[in-house]
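Two complexes follow with chain A in common, the first pairing it with chain B and the second with chain C.
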Partner chain A sequence: MTLTTESMDGDITRVLLDGRLDIEGAAAIDLRMNVLSGSAKFLLIDLRNVSFLGSMGLRSIVVPAQAVRRRGGKVALFAPVPLVEEVIKASNIDQVIPVFHELETAVATLR
Partner chain B sequence: MVEFSHSKPMLNLAPAVHAYLEVMFSHLPRQLVPISKLPFFIGRGSENGNHLNLDDLRISRKCIAISAVPEGLRIEDQGQVGGIFVNGKQLTEGRTLFEGDSIRLGMDDGCHLVFRSSSESRPIDDRRAELSNLVAAKAGDSQLELNRLTLLLEATSLLHSQLPLESIFSSMLDHAIVITRADRGMLLERDASGTLQVKVARSRERINLAPETMNPSRTVLRQAIEQQTAVINEDLQLADFNVQAANSVVLQFLRSAVVVPLYNVHRRNDAPAQWPAHDELLGAVYLDSRRTAPFSALDRQILDALGAQAASILDNTRLMQHERERQRLEQELSIARQIQQALVPQGLQDYPHLAITGIHRPCQEVGGDYFDVFPLPDGRIAILIADVAGKGLGAALLATMLQGALSGMTLGAEPAKVFEHLNRFLCERAVVGRYATMFFGLLDPDGTLEFVRAGHPSPLLLRQGEVSELYHGGSFPIGLLEPASYTASRIQLEPDDTLLLFTDGVTEAEDKERNLFGRIRLMDTLVRHSGCALDTLQSGILSAVQGFTEAVTQSDDITLLAVRYRRPVDAVGTVAKHST
Partner chain C sequence: MPIEEQPDLLVLDSRLAEVSRAQSWAEALADTLGLRENTRYAIRLCLEEALANVVIHGYQNESGHAIVIRRWISSDTLFFAIEDKAPPFTPVGDPPSTSEPISIESLRPGGNGIRLLRQFAGSLVYEGLAEGNRLTIGFSIQPS
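Now for the complex of A and B:
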């Protein structure tokens, strides 16, 4: 599991996750996600290279996302593969953190 | 030339052996022999059934028997020429042995055994005294001291479970001081950050010195570690050319020091020849003296042997600590497992209007999945399945807490309200850091199923050979998002409808190519078992999952709960006329 970030126009931090977000994957990104949640204003979590999302992985996304929102920021999830999107929807997370498949729409919502 | 024979440290964790014989023959090396079997025979030649074979013509073939009696261990003369003497008195009939009993074989003073026991009932101080007697220092002969240190090493292994580590380390340092004739000695151990910290410090007078007041020369320590060998420094002030670094040495006016770095000896011995030279550094023995040049006559081989012995002791005690810690954890885990298993409904009872079977197979000692079935006062039966995120003890703790909270439903609370309460409770205590998915259903004898869901995959409904899901779309798990709310839904079950509740450990079981078992396979398996008894259905699903994953280790808890609704009964429990 790897995590890389890049800055986009409009104060958006894009977080690219790559790998399996199972228990080990979640443990690998938790600390950095926490740091990001304390600093980023607009967070775009790019899930396109996440092949599996387990329950601990879901937590690794939701908890930092909620922290950003509490500070007045916004979070969007981008391009989950069907299996991953299914997990997100089964937990109603998409009702709280919007899911997008087009980058422009995601960016427009965050700005 | 010092012949240093390194006896491999024994880590005998079996509690059985508690008594030993210290064998002291004028021409043989002193050794400790555990009394490993009872009765225990001593004599010349092992072919005579002797457990301790004393290959010495002064010893008879059948010499001594030690056997168990209610009072302890009893010694008997088996026919030693010249007799057996215990504490100077000839043995005419058997007698019970006590710690420290001296046993002389025959008339020759050179054949001598001492009985050593480490029974649990004796106070620690006794044993400490015993240990220091065992290795009592006679200043002067380094070789002798080294032998005693070897003995200490053996004693460390033998008595480890009873002796505090500090006293073992103190004894070790006392020896090192005697061997080197230093003024004081310290044992330094590497802490988690890799820094050497003074763990125990002793004076020449065998008095404990406060570790925090010790100020060993870091320069000499560094030197010894860099060179990976014992370093003798006769004038520290010259060695510490850097004034700031030398400060600690100047302050204490110390003149000379010996540093013996301690490396993991097991690894060194077991390693293949091409093993890289950098063994794991465990710590160092640091000895210093205010006199000048007291160490110049020290034999390097003595120092190396001292290092090897001290490292063994340190390493051994560490292994013991780890082993003890591991055993403790294992014991606690098994208690946790017992509690968890006790909370799973035992011998699932069928109710007049439903048959039930369930299985919980955690992938670790304890798991985060659980199911429960319990009757409500109004005649409905509660069925529930839950899956706490993560696994192991943390998940199991939360699962147990949820189970307790949900059993409160029997008091007539509304399930959706209970879910909301639990969600708030967990979110407010966010540090818990866990959440759960759940399905909770209440099955009325008339077939009405009221249910609340919390992010849990839909149970499968098997009706007349066809499988469907109870619901589609999502719902909030418990304890993940604060503003979550829950609603109850209802469906009507028909007689012989089967509900299969499961956790994602089933659908997310992976084969070696990391393909998931998936919902479709689960549905197919269920269809294939329509009409089967619930037990058959359950084992059919388990074997389908197993067949799919083959040799891949189970990575998540697997939990199944199958419920079959039977013909409806009326309020007083009589079976209604209903064709099945």
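Now for the complex of A and C:
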């Protein structure tokens, strides 16, 4: 699992994840996600290249999202593949962290 | 595809780092059987959730305990039976509420494992053993 970031207009930090967000993948990104959640105002988590998501991986998304929200920021998920999106929906995460497939819509919602 | 196959067995130590070994073991079989992507995903997910549950909740992250996994095929279903000697715990009881969560604050980080296990497993059977637990997870491997 790799994590790269990209600054976008509107104070949005785009986090691009690549690989499997399983137990090992979650351990690989937790520290950086926590650092990002302490500084980013608007976080767009790009899941398009995430091929697997389990509950430990969800934790790596939820904990930073809660931290950003506590500081008055916003978080959105972008472009999960169908099986990853099924996990997100089965966990009801989509009810509180919006999921988008159109970048423009995601950005407009975060701003 | 064989209708019956002799059980195959893998023994893990009770550490999260061992979970990937079980997933690789299952994926090798998935390759051999030519399983579809959604079935492979479900197997990977359910093994991860079930084994993490044993390690974290059953053994409180204490290494040095054996977790035994057996796999076999019967009537177009691939089964994995996970046995441990941790205190009794069933993930097969009352289903979690589907109305939760209602806010991001109410999300329980890492608290979705059982829900996912129930959602993605084709079948799920828990047996309390004289000393420990056995969870048998089944996946349909019928050709599409």
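Just so it is clear, the second predicted complex is superposed on the first by the 111 of 111 C-alpha atoms of A that agree within 3 Å, B and C clash if a C-alpha of one lies under 4 Å from a C-alpha of the other, contacts with A are read in each partner's own complex, and residues count from 1 in each chain.
The working rule: a contact is a pair of C-beta atoms (placed from the backbone, for glycine too) under 8 Å apart; a residue touches a chain by one contact, two chains touch by 3 or more.
All figures in this text were calculated on a predicted structure; none of them were measured in a lab.
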Partner chain(s) touched by A:S55 [first = chain B, second = chain C, both, neither]: both
Chain B versus chain C as contact partner of A:R32, first or second or both or neither: neither
First (chain B), second (chain C), both or neither touched by A:K41: neither
Partner chain in contact with A:A90 - chain B first, chain C second, else both or neither: both
Footprint overlap on chain A, comparing chain B with chain C: 22-23, 52, 54-56, 58-59, 62-63, 66, 83, 90-93, 95-96
Contact footprint of chain B on chain A as seen in their complex: 22-23, 52, 54-56, 58-59, 62-63, 66, 83, 89-96
Residue ranges of chain C touching chain A (in the complex, touch as defined): 16-17, 19-20, 23, 37-38, 41, 44-45, 48-49, 52, 98, 100-107, 109-113, 115-116, 119-120
Interfacial residue positions of chain B with respect to chain A in the complex: 387, 389-391, 430, 433-435, 437, 455, 457, 473-477, 480-484, 504, 508, 514, 516, 555
In the complex, chain A residues that touch chain C: 22-24, 52, 54-56, 58-59, 62-63, 65-66, 69, 83, 86-87, 90-93, 95-97
